[in-house]
Every structure is written in C-alpha cells, then in structure tokens.
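I have a structure I would like to understand better, so I am pasting it below and will then ask my questions one at a time.
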C-alpha cells in the first residue's frame, strides 16, 4: 500500500471531530451524520486494512512504506513483524536513530558535564495480526456507538467531538510502534473518556469518573518511568538510545538482566528484583489496572454503572482491551525473562479475577454493575490466556479480546435499551419481557449465551483455547478458570431468565407501554450478534491473521527462558520436527 | 478421494444441513412465518434427514464389514500451527477441523435421532397446535436435532464437545419453553448449569488427551481427532506412548473426566437431579430429548471412547458402579412419585443407568442395543403420556387420573406395550435388549456378579412402578373432572404413537441372542467393526440363569403392582406406614436436591454475598479509601503549620535555613 | 582587556557615545531590558498627561513596549548561537537568558492584555500599576541574564519591590494589604540571607563574578575541596532563591500572598517571578557551581521532594482556588527543582522546558480566574466554577486543558515537561526523584480533576448544596457567583485561547521548543 | 588585613545578623521588624566590605553600596506600605495580620 493508510485511519476521527466542531450545535441531524460517517469511514478503512493484511503473500513478511526526508526507513529484524509501517520524526531526529550520544547538543556545555543522549522518539506506526483485528473492532464499536447515540441526547455535539477524539486516542495506542508515542496516546485517550463519563452518565458519574482517572493514571505513571528505564538501560548497554519498539525489542534481548537491587540492613543484604523485573512490574501495573485485574478493579463497577450506553460500547468494548493488548505487545516482547518469572503471579491474578468477578456478578442486582463484574471475570480469562505463554493460550486470548469487545458492547446496549424503556437498572424489577419484546429477547439471548462461552458462538473458541493454553501450564489453572465459566453460566442465565422470562413485571415508575426494538436498535445489535455467530462457526479469518503474530509473541517471550526439554517452550519447533499438516 | 468419501461428505452435509436449514428458516422467519409452513417444514426436514440416514445406512451395509467406517472433513475450523518463517521457529498449535465419521455406531445413533425424532416432530404438530410459540418450538427442535447429529457424527473431540454443549442449550431452551412458568425457567437453568459442569469435564478430558497423547514413536501427537486418539490410546511398541499405558493414572483420569461429561448428560449420579425437573418442558421434548436421544448421549460417549475405557479399568469400573447405582436409586425413587412424567423420567434415568453399567463393563453392543430399543419404548411411553396429559388438559398428577382405558382406546394399548417393553416382558423389545445387557453383566469381569444381582433386582422395581402407572392412570374410575372428560388424541398424535408401539414390539428381534443360542445377531454384527466382539466366551448356564431370573423378577414386579394397584389386595400405603424413612427417602429423591442446595448453591451465594458486603467495600475499595484518607490526614497536618502569623513563618523559615546550613555542614563532616 | 580596547575603538567611532567604560555593543545585548525600562518611564510620564478615567492607553503603551522587547530578544536569539558575557562579565548575552526572557515577556504581555478589563471591573485601574508591572519585568529580565552576584541581587530586588506594591494594589482590601506586608517582610528577611550567602561566597572566592567563581571552584584554590564557608554561602544563596521560587519549606508566604493579592497580580508573579528566579537558580547552581554538585545535590533534591509532597498534598485540602493554585505552584516548582538538583545539561534543558510549559499552563489557569473575576471580588471559590461548562463552555474547556496540563496529561505541555524532567532524573541516576515525582503527580490528579468536576457539575437551586468529590459547595454561593462573576471579554478569551494553543503545541510537538533548548548554551560569567 | 581584625569584623557581622534575625523572629511591631531586617542587611554589608579588604578586591564594596541603595528603596516602599496598612488606627502589631491562613 503506497499511501499511509495507518496515519489516515488514525487521524480521520480527529478530522471528524474538527468538522463537527465547526457545525452549529442546533443541527443535530448533521452532527450525528458526520459522526456516523466518520466512524463508518474508519471502519471502512479498517476493513481495507484487513483485506490488505489478509492479502499479504506471507504475513510474516514485513512490509514498509513511506520514507522520511529522503531516507528509506530503517529496517530492523525484530522478533515481531509489523506491517504497513510508517515512520516520521517527532522528538529528536530520525537520522540520529541508533547512533548513541550524538551531535544534537550544539552548545559547548560546561566542561564537567556529560552529554545527555537525545530523546529519540519517532512517529512510528505499524500493525501486526494482533493490532489489525483490534483496529477493526475499534472501528466497528465506534460506529455502533455513533449509531446508538440518540439524536435527542443533550450536548450531542460535545459527545460527538469527544467520541471522535477518543477514537483517535484508542487507535493511537493500537497503531503506535514507539514507546513514547504509545504512552502519549495511552494517557491522552483518557481525557476524552473522562469527559464522556463526566458529562453523560448516571447520577454518581462525577466521583466515578474521578476515581477512574486517578486510578488509571496513577498506575500508568510508573509505566512512564519504566519506559525511560528501558530506554536508558538499553542505551547504556548497547549505545542505542531509542524509544522505537522494534529496535527496543531487539535491544532488550541483548541487555543483561542486571543485578538485583539490594538493601543492606544490619549487615544482612536483602536482594530484591532485577531492573528488568522492576520495569516489567511497572508496565504490568498499568495494564492490570486498565484491564482491570482484581484487586485493582474497584474503579470499574462504578464507571460502568455510571456511563451512558453508547459510551460504554466503546469504553467497555475496546478500552479495557488495551490493557491486555499492552501485556502482549509490551510485556511479552520487552521483558521475556520477567514474563516467565512472574507467570504464576499473573496467572493467579487472572484466575482470581475470573472467580471474584463471577461471584460478584452473581450477587449484583444492578444490571450494568453485573456486566462490569462479568467483564472483570472475562478479562481475567484473557490474562490467563496471555500468561499461559503458549501458542494456544495467546491465540485464544487474542480471539477472546475481539469477542469480548463484541459481547460486552452488546450487553451494555441491551442494558441501555432496558434502561431507556423502564428507567431502572435493577434486574429484580423486570421480568417476563420476552412476550412483548421477542426480537430483543432473541438478540439478548444470543449475546448472553456468547457471554459464557456457548459453542458455535464466538467466545467458545477463545475460551476453549485459553483454557487449553492454561492447561498446558498447569491443569489446576484450567480447572479454576473453568469453574468461572460454570458460574458465568449461572449468572448470565439468571440475568436473562430473570429479565426476559417468568410473568411480566415492570417497575411502577416506568413510562406506560413499551415496545419491542426500533429499527435503529436492531441495526446496532444485529451486526454484533451476526459477528458473534459467524466468528464462532468460522473463526479462521481471525486466526489466519493472528496466529503468525501470536507465534511470534510466544517465541519472543520464550527468549526469556533457557529451553529445557520439559518446558512449554519446547513446544515450538523448527521445520526439522515437521510443521503441522 | 474415493467415491465412498465423496458420498459420505455429501451425505453428512445433507443430514446435518437439513435440520440446520429448518432451524435457520424458522428462527429467522420468527412470528411472520405462517404456521402452515412450519408444520410441514419442521418435521419435514427431520424426516428427510432420516431418509438420508437410511441411504447412508444402506450404502454402509453394501460395503465390506471391515470398511464401514469413513471419516471426511467438512471444513477447517481452527489452525493455530505455524510453519517456520524467516528464522522464526514455527509452532505446533491447536488444530481442529470439522470432520465427520460415518460408521455403524454413528449411523445407529443418527437413525434413532432422525427417525424417532421425526416421529416426535410429527406428533408435536398436534401436541403444540394451540401453543403461541409453535414456530419457536420447531426452531428449537430442529436445532436440537442438528446439535445431536453434530454430537454423534463428529470425528473430532472438539466438535463432539460443541455438539455436546449445543444439545445442552437446545435442551435448556425446550425445558424452559413455557418461560412464563417460574418452575420451567428454574428447571431449565438447573439443567443447563449441570450440563456446563459436565462440559467442563469433557473439555478437561480433551485437554488431557491433547497434551499427553503420544504416538507410536513416543512423540506428542497434539491431536483431538477421534480416529487418531483411538488408534493410539492403547499400548504400543514404546513405553511412553498412548496415554501412559494401560491402567495408568492419566488414562484413568481421562476416563473419569469423560464420565463426568457423560454423567451430566445422561443424568447419572451425582449430576442427575436435573432430569426430573426437566419434565417441565412440553411432553414431546421429554420424549425426544429426555428419553430417546440426548440423555443417551452419555452412553454413546462411553461406547465411543471404549478404547480409552478399555485401558482404564478403574474408570470403567467406576462407570459401571455409578451406572448400576443410579439405576437402582432411580428405580426406588420412581416407585413413589405422583407425576406421571416424573415416573417415566426416573425410569429413563434407571434404564440409562443400566446402559452405562453395560458400557462400563464392556458390553458395548448390548448397551447400544438397549439404547436402541429404549428409544422406541420410552418415546412411546412419553408420547402416550403426552396424549393423556393433552387429553386431561395438562394434568400430570397420577392421583387425578384414572379410568382412561376406556376413553383412550388407542393410547392405552400403546402405553401398555411401552410398559411391557420397559419391564422386560418376553417378546417385547425391552426383553431382548435387557436380557442381553444383564447376561453380559454376568459374564464380564470379576466384580460384576454383585452388580448383576442389583441389576436384575432393578427389573422388579421397573415393572412395579411402570405398572403402578398403568393401573393408576388407566384403570379404575376417573378421579377428577378432566379425567372424566378425556378424549382420544387426534390422528397426527396417535399415528406416531402407534408406529412407535409397533417398533417397541418388534425391534428386539434384530438381536436374538440367548445363552449361546444366537440365531439372529444383526445388531451386534453391524456394530462389531466399531466396538468389537465382547461375548467371546459366554458361559451358557449362567446366561440362562440370568435370563430366567430376570424375566421372573420382571413378572414379579408386575404382579406386585397388580396386587397393590389393580386388585388392591395389598394396601398402597404399606411401606409409607411401616417404613416411613424408606418411603420418605424415595419420595424425597434421596435428598440430593437439598444436599446440593446446602453444599454448593448456598455456600457459593453466601460467598458472593460476603464478597459484596465485606471484601469489596472494606478490602479492595478500603485500601483505595485508606490511601486517600491518609493523604487527606497528611494534608490537614501540613495545613496546621500555615497559621497566618508572620512570626511563625519567619521562625520556620529561619529554622529551615539553619537546617540547610547544618545539612551542608554535616556533609562536610 | 580586549573588550576595553574594543570599546575604546567603538567609542572613538561614535563620538557622541558617552559611556566609554561600556562598549556600545554591550548595550545592544541589554536592549530588551532598556526597552522595557524606557517603556516604564514613558508610561510614568504618560500617566501624568492622561485624564482621569480608564487607563487603557497605558496598557497599549505597555503592551507595545513588551512586544518590542520581545522582538528585540528574538533578534538577539537569532544573532548568537553561543553566548558571551557583557558589561565586564556582569551580564550574559546567551540563549539561556533569552529563552527565559521570552517566557517572562510573553507572560507579561498576557497579563497586560488581561489588565484593563480586570482592573476596571475591580476598580483598580491606575497608571502606577503598569509602571510597577514593567518595573518588575525589568528586574526579571535582569535577573535571568545576571552573571554577577551583585546583578543577581539587584535583579531580585528590582523585581520584588514592585511586586510588594502590586500586592497592595487594592488599598481598600485588608487582605491585599496583609499579603503585601507579609511578602515585604519575609522577602526582606530572605534577601538578608541571600546577601549574606553571597558575601560568604564572595569572601571565599574573592569575586562576585560567576565566571570567576566557576573558575575558582573548578581549577583554583577551592577545586576538589569542600570549603565550609563556601558551602555555607551556597546554602544561604539556595535558601534565598528557594524563597523566590517558593519551594517548600521556604514557601510560607506563597499561599497567603497569592490569595491576598489581586488575582491578576498573582497570575503575573506566580509565573514570571519563578521563571526569572529559576533562571538564576539554574545558572548559579547547575553551571557556576556545577563542579561542586556532589555537595549540594542531595539538599536540593530533598527540597524538591518536600516541595512536591507538600504542595500536592496540601492542595488537596484547599477551598480557595487561588490557594489551591498556590500550592500547585509550590509543587510545580518542586518539579522544576528536579532539573536543578541534577546539575546536568539535560536537567537544565528539562527545567527550562518545564518552565515554558508552566508559563503556558499556569498563566492560563490563573488567567481564567482573572477573566472570571467580577466586580468587587476575585473568582476564588469553587462555587464560582460550578456549572461553568454550561455557562461558559469555552472557558471551562480552556480551564480543563490548563488543569490537565498541570496534572501532566499527554497532548498538553505538562506531559512533556514531566517527561523530560523524569527522564533526565533517571538518566542521571536520581531515580528516587523520578519516583517521588510520579507519586506526587498521582496525588495531584485528584485536586486538578476535582476542579474540572466542579465545572461540569450541574447547578442546583440556591438551597441545594453541590457535592464535588467530597467537597460540599454551598448552593447559595453558587447562585451568587452566577450573578457576581464576570463574562470574559473577547480579549481575555483570545489570549487564553492562544495560551491554550501554546499548551497544546508544547504537548504535541515538543521538539519545536525542546529543539531550541536541548544543549542550550549557558554563560556562567 | 590583620587576621585578628578580620575575625573580629566577621564575628561582629555574624552577631549583627543573629541579632537582626532574633529581632525579626520575636518582635511584633512591623517597624521594628523592618529595622531588624535592615540590621541583617548591614551585617551582610559589613561582611562584604571586610571580605573586600581581605581579598583586595573592589567587588565587596561595590556590592555593599548596591545593598545600601536597594535597602533604602525597600525601606521607602516598606514604610509606605506599613503606613498604608496601619493608617486606620490599627495597632502596630503584626499578629493582627493573620487573616490569610488555612
């Protein structure tokens, strides 16, 4: 592809936001039209990207495009191959890349002072099989959110602008291949989300938004330090100071782990973690909060309870995946050793999240809160899949990320439709709606089934592979995670049955008379349901794009272990042992 | 690709595709689709599939016995394996395709599913005629048939699991079909959650096989393909292949996990409590799912995995013991229930227990044969009971029935035939299959004689409780208004019942196999390529003793029922007066529901409650709040220095300036 | 010596040139200061000829003066890549000083822009305001380029004395008077320490010239030794400068004075003073005394940490917006001090970048309060901001941007400010500084975001209290604020939008500015 | 310069500084506080001049002159402010100025 498709995708929503900003706020139809059009265009481009990615002769082949000031892009042989790379200078200059302490300092500094390294951060974009699907999911969910937002919504213009900006932020996280750029988008995306939560939600949205922000940013700040730490440690040992991810992945391979930090007290020396392990933990903290993993989850139920449904479509649908994405993209690649060292910890946290989220969902009576806890449970499963650190688990985690995005968006849309009709989020106040809302009942049923892994619906594939991956690490992990799916069946059925089945009951304060779904409501739910079904029966499209990347991530993480015949790493084979049929 | 495999591919696609198409058309059509279409389409696709199964059956029979198993791939489902590319090592990931096996076992199952299923679909046209959810019902029924076919045809463990779970969903949807009844909704949920537990067992078994099955060279196979698994699971030339050799812990664990799945599906202890509740569904559903097909899937699973169980004698023994125990327990419970459908449900549980027992001891052919005949007579019993219920306007309590013999002149003989077949009275289908099953039990294995004694005694229980139903419901005087006004069902409902009655009468003659005398051995011969011959050295004398004892006990049970409920020579409340604990134990279904409530459901809910009330606000949120409050307190402390008095500012300033001097001074020192 | 010859030659060439002991080229390097001083005098005179009434005319003259000075400074920036000392080493003509000058002049320009409307609303419109403001600007410009301890002292006093008076601009406001007295007395007290410290340094090195001092500690008699008297002097200079940049624990005057002074004056002194004082701080510590860094770096680091902790923590408990921003300013000064504590060029560049960011975002934040301040009172209460998003969406958006920047979010200047500071700290091995910076940044989120929360809260009735994240705002006060507070003028909106744009540019394209200051040349004398 | 003399002047300077500082800390009359600050500045001046003599440089004396000039202007401003604040019959007591506080 000769044109910078990723840049266009990235900034199209921002352009949309600017266009919307120029429209008078009374012209609601136009504003909504532009928002939908922008989102649709992004989805269209994402589809083009998917097709182009699919059409690559060999997905492992790196394809580079563009150049910076006449120079061809610097090529690195990274363990992870990224396609459609674009690079331009941003902080520091591209020509300085890989040259170590350089001539950027023109002034003759005072003699006793060492020359600082340049800050080599570039505008570097690229996708792999992992990101390409999440980009598509982003496009889809934002389009659905744009369609789902009501034209009567107060401050429609503000909502549309913020939504477009946050889409750029999310896409930036997925597309960036530079640590600083990544962090930049990672945090920047929070700003529009904060305002969306603050301005458009339930009654307790203010404190919820504040909690969300303080919690997530406080976690991320340590990641910022870790990014710098990786930069300087790698730079000091290899002479290459760069924030470029592919280069940094290579650098971190050759960086020796360093000595454990130690503390001498009363003659006893306490040894702590090595620098690489500290860095890993800092990254992991940020991602764990974003996902979130128990016990760092308490921002989530409040935020999900307070958010407006269109907002939650992408907030729950894609933003929470960014944490899992970060684990795969950054933790496994940059810190393969610590990834293995902390594997049991992360698995334990994942399993705890699965069970804790499931139990909390079992008890919750507020539908949106319940979905929030269910989300914690499901994403715990994703983390288990990632830190199984094998091909099956990782593929499962990637598939499950996409699936969960579809499912959670669907669940929140359903919750929103119920809330719009009955002005309640309490599942006990509703019953027996299926008779008068058959279409809704059918769509809701499929989504609810998918939520606990009904076969031939999409999430079964992911859950199966994740459990298999976990099983390969230790059967106990899979059993514990599996128990979570049983509880998931319990609470999801109870939600569905409680609300849709039994004899009809609606709250007294609800407006009299309700109707089944309008056409636009079907239009937002139906694509989700259709995708959930199609990807369950025929998951190959996702797998085809992701398996090469997933394998590369596993291989990358396996650099962290000295292979022993019994280790899971021994599963990866060269051609000598024969490729699978 | 040979002609055979092309034929099998097309055949399997058609067999699977027809009911699936029915499901999709009906469900997407929704309420707009006219009933006239659905009433033809719903049963039509299943019967067409049945015809197709018959063609496949014929084609298979035309092939030589050794060549009757064909496996073909329909589509590649998942392929995670990656070849080595550009120096990046490849990986042996999980690979799964949707392959189907057309072999005698699968065909027998498919024939039952589509054949009996087709009849029940036809019956449903009448039974559900007045129901609001007519279209929805047929959509679910077609989905069920599709799922069940996926289950039995799959040549891949993952698709077996998929079919297994889809069946559970269809079952759930049909149990909770009348969703405005709270009991139906609760029953559906209970059934589904139990199934999910079983699915988990099956999934774990699949994982265990996937990660530990080794081929002849000792290398890990990483496969979920059933033919490959079966070919390699046994002992091979190397020490480290298969699943670690016969009797090893691994293969036993696989067996136990598989049986966990089978137990959930076949309502065996300890996952049996959902089946009686499932009778909340419409009666055709009970006939199709909870008698003829789905609940027998556990038997199918054990038989299909007989290579594994043959390597795992402990697991197989467990299967046998659980099967016979469940059979006996269900028989005891069946004697005291008042709901006509629940009695039949417990009889189903009991009979499947016997099949499981047979599969556990290795009498695979006998198990499948009983499954085969059971499908006819149990579907018959349910449909006949359905006629009764239909006639008395949804009254299911035996105490409210009575005297229906004269009012339902077609249903009564049909039910009677079903009861006779179930009891194992000679010449009816059940007699042949049950005697073969029990006869196998006597000759196989060292522990089994004791189990066999129990098994034979079940005959007496069975005939007692089913004839209790016959006499209570059909004989005597009507005991309620609706029973008084009962009418025979329409033809669309009676004809399938009569067809099933005919089959329940004659199906046994496929396999005439007594005490070493086997003039007709069609069924076993047909299944032999799959399950092999197990009755190599039957002791003729013992077999004959089994035959005689079993038959006599059946007649004995029938007689007792006649004395108690027909003649009323023995008071019906004899046991409840003399042995109230025994009666209560039976009536309360051995208190399993209560036990599970106390041991599992309530603790989990209480745990959830505790987490919500205590842990979440005080621990997880508590830490966050604690940090916030601590910083707030610190802020207040710091604020107290800011008094507004110039002198204090100057003093503190001076103090810190002095400290700065001191600090640098100390550094020098 | 060569300079003297040069000046003699120049003096010969320009017979009308009276100052034969200073070359005319040195005066050229001093031109921005001269322009502002001349403007000050011009305003003073013009004030006499202005009829009673609005002083808008004076604002125009002041604005033009500052703009011209800025233009001159730009010209000088282009003129020399490597700086040199002028006035016999008393004053630096280098990019470091000029960069600080840019910030000071831009902030001054913004304040002047906001002045007429604010002063008229508050009834404070007077000529001497502009005179004093320009006088303070001259002091700041002098301080940022000072390379002699005498000039440093002179600069500090030149900027302080007008500020004392400006604090008491409102003669009817007892709080303003109190603020002025406190500032005056504490400022004098601190000056005494500063001068005494300078005396000690001078005594040990034999010169007040920074270049000489640098040479002495690097190569001369004091090289390699730790002289206690010198260090005592350094400590006292540090205390005096810490007072000026208001870092804990020398910050006591800050909250009171910021609160008591008119918010416009607070805007000016909270930003411009710090820029100038930090310029001196960086020049003296990182460059002149760079070789003795090991002796003082821990002390400065402790002050930085104390400042970050105290500022951010106490800001949490504030109900006055000006006090909150004052504590926020203490914390921000703590961040800048990280760059001083490192004593390395990357720290210097990072501090300068942070100062630029701070100039944009803090001027903006205070500017919003200024623009909102109405007749008779400043906008100093959360009540004034409740519901601002509905009343003044633009202003609420701008304020949010400035606060997010202060909190250090990406897309805003504060992010890269902190980024460069922390990365410099990590590079120089001062990891605890970075960790404390991060921890306190996390704390700061709460109070910055709470202001945003207030702006986006719905306004209830007069009897309905509004709860803003644990803080209860009286409904009656909210209702009153709606009436009392002003609608921002077009000029105010324009200047705030420009500062917001600057905040965004610094946050998205940091290389634009960071490229200017990376490896910037600092003349030590 | 005589070292004893030098020590004496410096000692005097330190004493003046200390007396001034104590005056600032303990007195409540703003005028006296202001005088104490002047005393501290003059202590610095004394030190500057002493050091200038000691090191044979002129910087100290120039500095002292500048300090004197600056102090004078500060006094002007300070007295004006103090007069302004206390003109309305308020007691000359710094402790009364504690409205601005937490």
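Chains: A, B, C and D, in written order; residue numbering restarts at 1 for each.
Here, a contact is a pair of C-beta atoms (placed from the backbone, for glycine too) under 8 Å apart; a residue touches a chain by one contact, two chains touch by 3 or more.
This is a predicted model, so every value here is computed, not measured.
The leading chain pair by number of C-beta pairs in contact is A-B.
When chain centres are taken as C-alpha averages, the shortest distance to the whole-protein C-alpha average belongs to A. Chain centres computed from CA atoms place B at the largest separation from subunit D. Centre-to-centre, using mean CA coordinates, subunit A is 41 Å away from subunit C. Computed centre separation for the pair subunit B/subunit D is 97 angstrom, with centres defined by C-alpha atoms. Chain geometry summary: the mean Cα position of subunit B and that of subunit C are 78 Å apart.
Annotation for subunit A: no residues touch 2 or more other chains.
Looking at subunit D, one finds that residues 21, 24, 33, 94, 97-102 touch two or more other chains. Annotation for subunit B: residues 639, 642, 644, 646, 650, 654 touch two or more other chains. Touching chain pairs in this entry, ordered by label, are A-B, A-C, B-C, B-D, C-D.
Residues 149-150, 153-154, 157, 161, 164-165, 168, 171, 174-175, 177-182, 184-185, 188-189, 191-193, 195-196, 198-200, 202-203, 206-209, 255-257, 259-260, 317 of subunit C are the ones touching subunit D in the complex. The touching residues of subunit B, when paired with subunit A in their complex, are 27, 30-31, 75-86, 88-95, 158, 161-163, 165-166, 169, 172, 176, 179-180, 182, 185, 188-189, 192-193, 196-197, 200, 203-204, 207-208, 210-211, 222, 604-605, 607-609, 611-612, 616, 619-621, 623-624.
For subunit C in complex with subunit A, the touching residues are 81-82, 95, 214, 218, 287, 290-291, 343-346, 349, 389, 393, 400, 404, 407, 409-411, 415, 419-420, 422-424, 426-427, 431, 434-435, 438, 441-442, 445-446, 449-450, 452-453, 456-457, 468-469, 509-511, 514, 518-522, 524.
Touching subunit B in their complex are the following residues of subunit C: 181-182, 185-186, 189-190, 193, 226, 228, 231-232, 234-236, 238-239, 243, 249-250, 252-253, 255-256, 295-296, 298-299, 302, 310, 313-317, 443, 446.
Taken in their complex, subunit B has these residues touching subunit D: 639-640, 642-647, 650-651, 654.
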